[in-house]
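This is the structure I want to talk about, given as structure tokens.
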């Protein structure tokens, strides 16, 4: 780390030189922020798929599942982070509490998306598939799910982008991610003279990360629905 | 108007569900009227808003201690943060009149804040003390950390904080310059040890942890760091369980964390009580002379207006 | 910390049941005051967000430039709330002196408002876009002008999705307004942060429970408003579709999130 610069600039625009001065530490924060934003969404989708299917298939299960998932989403993230260790008998510093909390949020968001995505398959399409001889499972995998992909993709985009933001909140209570840059900048601002570089750097990296992950989800969604492109082209 | 309606509906709804079997603890004397109605009325403190961390409201040397030792009861308490930017900003800008700020904070000098004296020792000693996992506290490790404590005076500590906060130097750079000014010549003394050094999430503590880590490294130990961990309620369990092995702590603060209501104030009394209170997996080494204690701090204007020098002055009629 | 399940629940109920916690003490504010603050932070932000996002969504939906709504909503969503809050506090708060908390309230409101814009924008846009083209054509056929079609046909028809967007925005704001307590403001977040700092877990969980209850109540309230505001003709069309799959209980408004997201569809 340099530390040679005789004067440190507090200007918002010097976030780049701040980054270069602390490159390895910042990249490490970026990396942990990335996996904390991605893994829970993937896990959340894996859990939400059967739940969403269940609530779409059996209409009696729709209201309770949606009410519970809606309620889960209203738990403030700070409270959830802190509550998870005692509930699951984890160490207070366990790195697991943040991904677990984020997985809970992702499930809460995606269950509804999966259910409604599956619900968006028209009755005619289902009957046609059944008539051609698809078994219920084959129809689910080869007809219903592919048709639901656009709706699920839209939900995944929201989930992954919101996760980037929630991870940053975990950074303010001591987990290593881009959120640390915010608290670092805040503490060095000392109430009187603002110290912008780390705060602005954190914002810039978070936005870039969110938009990059968003673009990845879009690409994946397009890859899974080639017929939509064909219809457009 | 809609807002108002919603708020009434919500309050009513929430109240209804809970009021049914209410148990009134206000009868035991903590209810609303007590602070404004009792002896405190008319004092200087009763006109002031105090700012500080949430736990200051319940800590033995916080509001309860001020009341007991000095008869000081503030008109209102606003939760800011633990001596950080929020507290300093609120005091400077007048959202609060008095604040709980740490004595090494460079903003005290920068803003001409006045630190009220504490003649009755409401605030306990807060010497820097290395806490170490017992299983890792080899003689070599102890020697290295004791050597650092020996060269750490309050003035030196204040200088470290100023470098980190005012000059925005990186904590590891501050640590290195401290060690080159106060070398710990013990190469090889701690070899074979493998330790994780932790810190809380404020600059002074991070710098101290970096100093420990650097010194232990140069003495041959294998060191990893876990810096910027949130508050004591988060890192102390980790220290207890051994996922962190070395931590720069403040003796009075740990004691009151371990023994809510502890009233020991002097360095010696605190150390004796701390040795007893610590879990068996942790030892406290010799504390440094350096202290960073809580203090009631007011702006120059407030101090002049009410002629404040000591905390006791706050209890005078104003 | 003893966190045995049933005992903890008992402690939380005891905390919530203590009238002194509702009234507050002389020096600290109680639940009633903090609840009012929480609601006012959320209410103001939601109102401003609606004033911005509904017209914008209508316009985008009406002109069919969906792509811009999508990218706008997502760009806003990608700004981390806590980082923006800290940045704005650092910029704004030094300019306010004296007893006022404006230096902290303004940043908080901006952050919450920005959080509420994407779902409302997406809901409104999707609502307009989902209007049956036949209905729109019929309106033009009757001789209505663009503006009339927008206000008299597209707006009433898209209302269920607009309100769905508002509902999901409200839920998000109620949960997120807790970060106001990261800077020295009140609101229900105060109990969560203070409970953490004082190692008073019943207080912390109690605060979380209050947030969830508030969200539940506000959602019910908005559902009722939705029922009053949406023309029976419009809601009838919706519930028929829902009825087929979910039985009479499945209301149109159970589609909140899906609609919000549908607005963001590629």
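We just call them A, B and C in the order they show up, numbering each chain from 1.
Following the convention adopted for this analysis, a residue touches a chain if its C-beta (ideal position, glycine included) is under 8 Å from a C-beta of that chain, and two chains touch if they have at least 3 such contacts.
Computed from a predicted model, the values in this text were never measured in an experiment.
**Student:** Tell me which has more C-beta contacts between its two chains, A-C or A-B.
**Tutor:** A-C is joined by more C-beta pairs in contact.
**Student:** Relative to chain A, which chain has the most distant C-alpha mean position?
**Tutor:** B
**Student:** If you average the Cα atoms of chain A and of chain B to get two centres, how far apart are those centres in Å?
**Tutor:** Whole-Å distance between the two chain centres: 35.
**Student:** From the C-alpha centre of chain A to that of chain C, how far is it in Å?
**Tutor:** 19
**Student:** Which parts of chain B, given as residue numbers and ranges, touch two or more other chains?
**Tutor:** 86, 89-90, 93, 231, 233
**Student:** For chain C, give me the residues that contact two or more of the other chains.
**Tutor:** Counting only residues that touch two or more other chains, chain C contributes 94, 193, 196.
**Student:** Which positions in chain A are in touch with at least two other chains?
**Tutor:** 183, 186, 189, 191-192, 195
**Student:** Which residues of chain C touch chain B in their complex?
**Tutor:** Interface residues on chain C, with respect to chain B: 14, 16-20, 22-28, 31-32, 35-36, 39-40, 43-44, 47, 93-94, 96-101, 103, 181, 183-184, 190, 193-194, 196-200, 210, 213-214, 217-218, 221.
**Student:** Can you list the chain A residues touching chain B in their complex?
**Tutor:** Residues 1, 3, 8, 10, 21-22, 91-93, 173-174, 176, 180, 183, 186-192, 195.
**Student:** Please name which positions on chain A make contact with chain C in the complex.
**Tutor:** Going through chain A, the ones touching chain C are 56, 59-60, 62-63, 66, 70-71, 73-80, 82-83, 86-87, 109, 112-113, 115-117, 119, 123, 150-151, 153-155, 157-158, 161-162, 164-165, 168-169, 171-172, 178-179, 181-183, 185-186, 189, 191-192, 194-196, 199-200, 202-203, 206-207, 210-211, 214, 218, 221-222.
**Student:** Quick one: which bits of chain B touch chain A in the complex? Just the residue numbers, please.
**Tutor:** 84-93, 106-107, 110-111, 164-170, 172-173, 201-203, 226, 228-231, 233-235, 237-238, 241, 243-244
**Student:** Tell me, which parts of chain B touch chain C in their complex?
**Tutor:** Residues 2-3, 6-7, 9-11, 13-15, 17-19, 21-26, 30-37, 51, 53-55, 57-58, 63, 73-82, 86, 89-90, 93-95, 231, 233 of chain B touch chain C in their complex.
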